[in-house]
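The letters A, B and C name the chains in turn, as written, and every chain counts its residues from 1.
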Amino acid sequence: MTLKIFMLGTCAAALLSGLAQAETLTIATVNNGDMIRMQKLTDDFTAKNPDIQLEWVTLEENILRQRVTTDIATKGGQYDVMTVGSYEVPIWAKQGWLLPLDNLGADYDAADLVPAVSSGLSQDGKLYAAPFYAESSMIMYRKDLFEKAGLTMPEAPNWDFIADAARKITDKSNEVYGICLRGKAGWGENMAFLTATANAFGARWFDEKWQPQFDQPEWKNALSFYVNLMKDAGPPGASSNGFNENLALFQTGKCGMWIDATVAASFVTNPKESTVPDKVGFALAPDAGLGKRGNWLWSWNLAIPAGTKKAEAAEKFVSWATSKAYLELVASKEGWANVPPGTRTSLYNNAEYQKAAPFAKMTLDSINAADPKNPSTKPVPYVGVQFVAIPEFQGLGTAVGQQFSAALAGQTTVDQALASAQQLSVREMTKAGYIK
Amino acid sequence: MATLHTRAAARLMMAPSVLLLLAWMIIPLSLTIYFSFLRYNLLMPGMEEWAGFTNYSFFLTDPAFFQALFNTLAIVVGVLCITVFGGIALALLLDQPMYGQGIVRILVIAPFLIMPTVAALVWKNMFMNPVNGLFAWVAKAVGLQPYDFLSNSPLLSIIVIVAWQWLPFATLILLTALQSLDEDQKEAAQMDGASAWSRFIYITLPHLSRAITVVILIQTIFLLSVFAEILVTTNGGPGTQSTNITYLVYAQALLQFDVGGASAGGIVAVILANIVAFFLIRMIGKNLEA
Amino acid sequence: MAQTVSKERKIIVTVIAWSIGIALFFPIFWTILTSFKTEAEAIASPPSLFFFDWTTENYAEVQSRSNYFGHFMNSVVISLGSTLLGLLIAIPAAWAMAFSPTPRTKDVLMWMLSTKMLPPVGVLVPMYLIFRSVGLLDTRIGLVLVLTLINLPIIVWMLYTYFKEIPGEILEASRMDGASLMKEIIYVLTPMAVPGIASTLLLNIILAWNEAFWTLNLTASKAAPLTAFIASYSSPEGLFYAKLSAASTMAIAPILILGWFSQKQLVRGLTFGAVK
């Protein structure tokens, strides 16, 4: 009986939706704050586009990446809009898996997109993914703790100062740790930080002939510096801390400094979430005196898979979510400090935003300082600051990340970790045919 | 009793199960075997080519392979030890008269009902986290340094989490078996002056042997492919200290999207599982004879 | 039960058993408790046991972020559907094995169990390709089929061991009466086997509810069950202990309640032939 009613209901629903000609877009997103905010604001979109309905698939970053990649590579066609990182966009665009976005509407103003970001998403002058937010990395530090220790943070510090300050601030008996850095293994976790940092130390992943470089002294300097610093001034369990874990530590007042994504700035200064909202200062990611700063460049972007049958509706949505009007919508509902940062130049010229977001200038400077084409002080055959934009990097980066994470945990020495990293990189690169 | 008629009927009745499972085994397996001989990366379509045994040699010479093999067995053996011994002790305890037996049973059964992902998330974040976890707080409260479980003893931590989930299962099966034990026999032995220990060794334990066999067999099947707990807590690390074979195959398939390599790894895993199954059935199979 | 037990002994046993029970249950209790705290309170040191401001804001937050009811319904349909379909296929097979055993019966049983040893991740890509070409991606039907096949060996085995306990003479007697095979199953066997079937049903609902590999990898939105729901909370930004606890509680509560209410039935059949 209930089954019958249920079936009837389903039929009726199917019939009704057929009549209304509604199209349902399935959108895959990552579970971070800005994306979740967008989900809550979609009434604005559906009000303007009553014939389009939205279905959300929100997943943790790694699961999202696996699902979306499997789907697009096998042409599964489960999603109409995908959230794609700046690492994948060039690789997928080259495969012809993404539709070029050439119908974003008259008032979209693609020229307003921050050039450092949009150039990485374009190929042959066509945009293949629209940036939803972009980030670099910078130092967030506790002004009160610095004052107490009699230290002043320069605007562009170097690593020696940072290490010294971190050790001075550390007060383990009161659970204050001088510096929190990523340690959790993963190409997008500890390797994002370590690759960017190693750039500043003059290290690189591969030489011009794709020969892995972990046996070079620059890597040894960078990695031992990191491991020693974390041993003296880092929190316990650092080898399983990623972005989220460190964010929680910083918000609860347990870190003196934290070098991580610029988007974190709005979380640590948000009085609703943070216990130290008014005590946070910002500075550029440190250098090691070699002319490169260890700040990365990342963006989460919306892209349309080539297999979708709803390309037109999907493009409408992408245009809405990455438009100037969307930024204003967020600002009107949640305040300027909460708009997704890093994508549009006009945002950084907006006086209201500058006032609400003390980290605005630092964010834009950091983004502009990143150079994906020349990440290290030495020439490299690849593109990408904190990653190497080749398909093999996810697996390789994670495997190397595991070795470095083990070194941080004290399970292996720095030398052993680097030797294993070198060995498995040579293996993978040989298998993939880069090393002849 | 088994007439021709019923034997034919029996075959007919078994057919759906057998055919379905046969299809379920053969179709993916043969595709997997086929892929395992290809150079096939999902991210590079159109580049597929015959690779011979390359994928196998790369998987078997993976620096993490032997560690993964060891970890796989360590998880199976470790969890089995905890759940079988703990299960026997707990079943003996629950078999005693006490107040509120029903409620205790409800408390004990609960971990078995929990999703592995949820269990791992809860243990990792709320208990084993060295800063905000409950264990860290207890350690600090008694003046000790918080111990960083997942970095310093990753494999043991995972074994503990998995054992927590499977202990109820073992306990329940053993308890049901215990309750079917003939009371008269126990009492007679008691009259004869046998100690509690010798009653346990000579009467209870032999009676439980079948139940123990069942626990070992079923749990081994599930424990060989422990995965969610590793993914959530340690990602196989630090280094490869908590990587098992399933996780190694996962890394090939969903991090590198190397279908060829993952397929080869899958086939290796199947062969290893069959070796384990072979020994297992030889060792304990006679116990299952009706 | 001729043995009388001293009161002291009973009290000691009670104390020990309760302590162990509470210890085993504590992680779940703590999760449920944390789900009613604010994020700040969830990581407060020292942790508060009961004296905090109870709040349901985490549940509201989780509900506003994801369609819990949709995921819940998918979990119900998938776990119940796969279990019922599995029983339908397995009952005849188990019956045949139990009452017309051949020398090969045990081998067949062991072979069935061995199909469960295939690591799912090794066959993910082939399965994804098959599912895509027959249009089963992100459908409840697809998941029902997969979970049926995954759990079929366990279902067959549980039923087989249970059916074997049923004395053959009863069947002989009914056969004398001229009852046909179908009638034999419906009127004689089924009533006697109901406890075993119920227990099998429950165990398989639990296993299917908690299956987190195929349910996560073969669905997107329409058929995604609670395992996918929890995957969006596995590491959100900022302080998340309370929200994670609320989401976890919501994901496990239905099966926990079902398990508790039916634990007698579940336990009775959970013998796998281990009891004679």
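In this section, contacts are C-beta pairs under 8 Å (C-beta built on N, C-alpha and C of every residue); 3 or more make two chains touch, one makes a residue touch a chain.
Here the structure is a predicted model, which is why all the values come from computation and not from measurement.
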| item | value |
| --- | --- |
| Distance-maximising chain from subunit B - centres being C-alpha averages | A |
| Pair joined by the larger number of C-beta contacts - B-C, A-B | B-C |
| Centre-to-centre distance between subunit B and subunit A (centres being mean Cα positions), rounded to whole Å | 36 |
| Centroid distance [mean C-alpha coordinates] between subunit C and subunit B, Å | 16 |
| Subunit A residues counted as touching two or more neighbouring chains | 66, 70, 74, 248, 252 |
| Numbers and ranges of subunit B residues touching at least 2 other chains | 42, 132, 254 |
| Residues within subunit C bordering two or more other chains | 43, 124-125, 129, 231, 233-234 |
| Complex contacts: residues of subunit A adjacent to subunit C | 26, 28, 31-33, 36, 39-40, 55-61, 63, 66-67, 70-71, 74-79, 242-244, 247-248, 251-252, 267, 273, 275 |
| Subunit B partner contacts - residues on subunit A that touch it in the complex | 66, 69-70, 73-74, 91, 95, 175, 184-186, 235-237, 239-240, 248-249, 252, 254, 391-392, 394-396, 398-399, 402-403, 405-406, 408-409, 411-412, 417, 420, 423-424, 427, 431-432 |
| Subunit A-facing residues of subunit B, complex | 41-45, 54, 58, 63, 129-132, 136, 145-146, 148, 150-152, 234-241, 251-252, 254-258 |
| In the complex, subunit B residues that touch subunit C | 1-2, 6-7, 9-11, 13-14, 16-18, 20-21, 24-25, 27-29, 31-32, 35, 42, 90, 93-94, 96-101, 103-119, 121-123, 125-127, 132, 134, 137, 140-141, 164, 167-169, 172-173, 175-177, 180, 183, 187, 210-211, 213-214, 217-218, 221, 224-225, 227-228, 232, 245-246, 249-250, 253-254, 259, 262-263, 265-267, 269-270, 273-274, 276-277, 281, 285, 288-290 |
| Footprint of subunit A on subunit C - complex, ascending | 39-40, 43, 64-66, 124-125, 128-129, 132, 137-138, 216-217, 220-222, 224, 228, 231-240 |
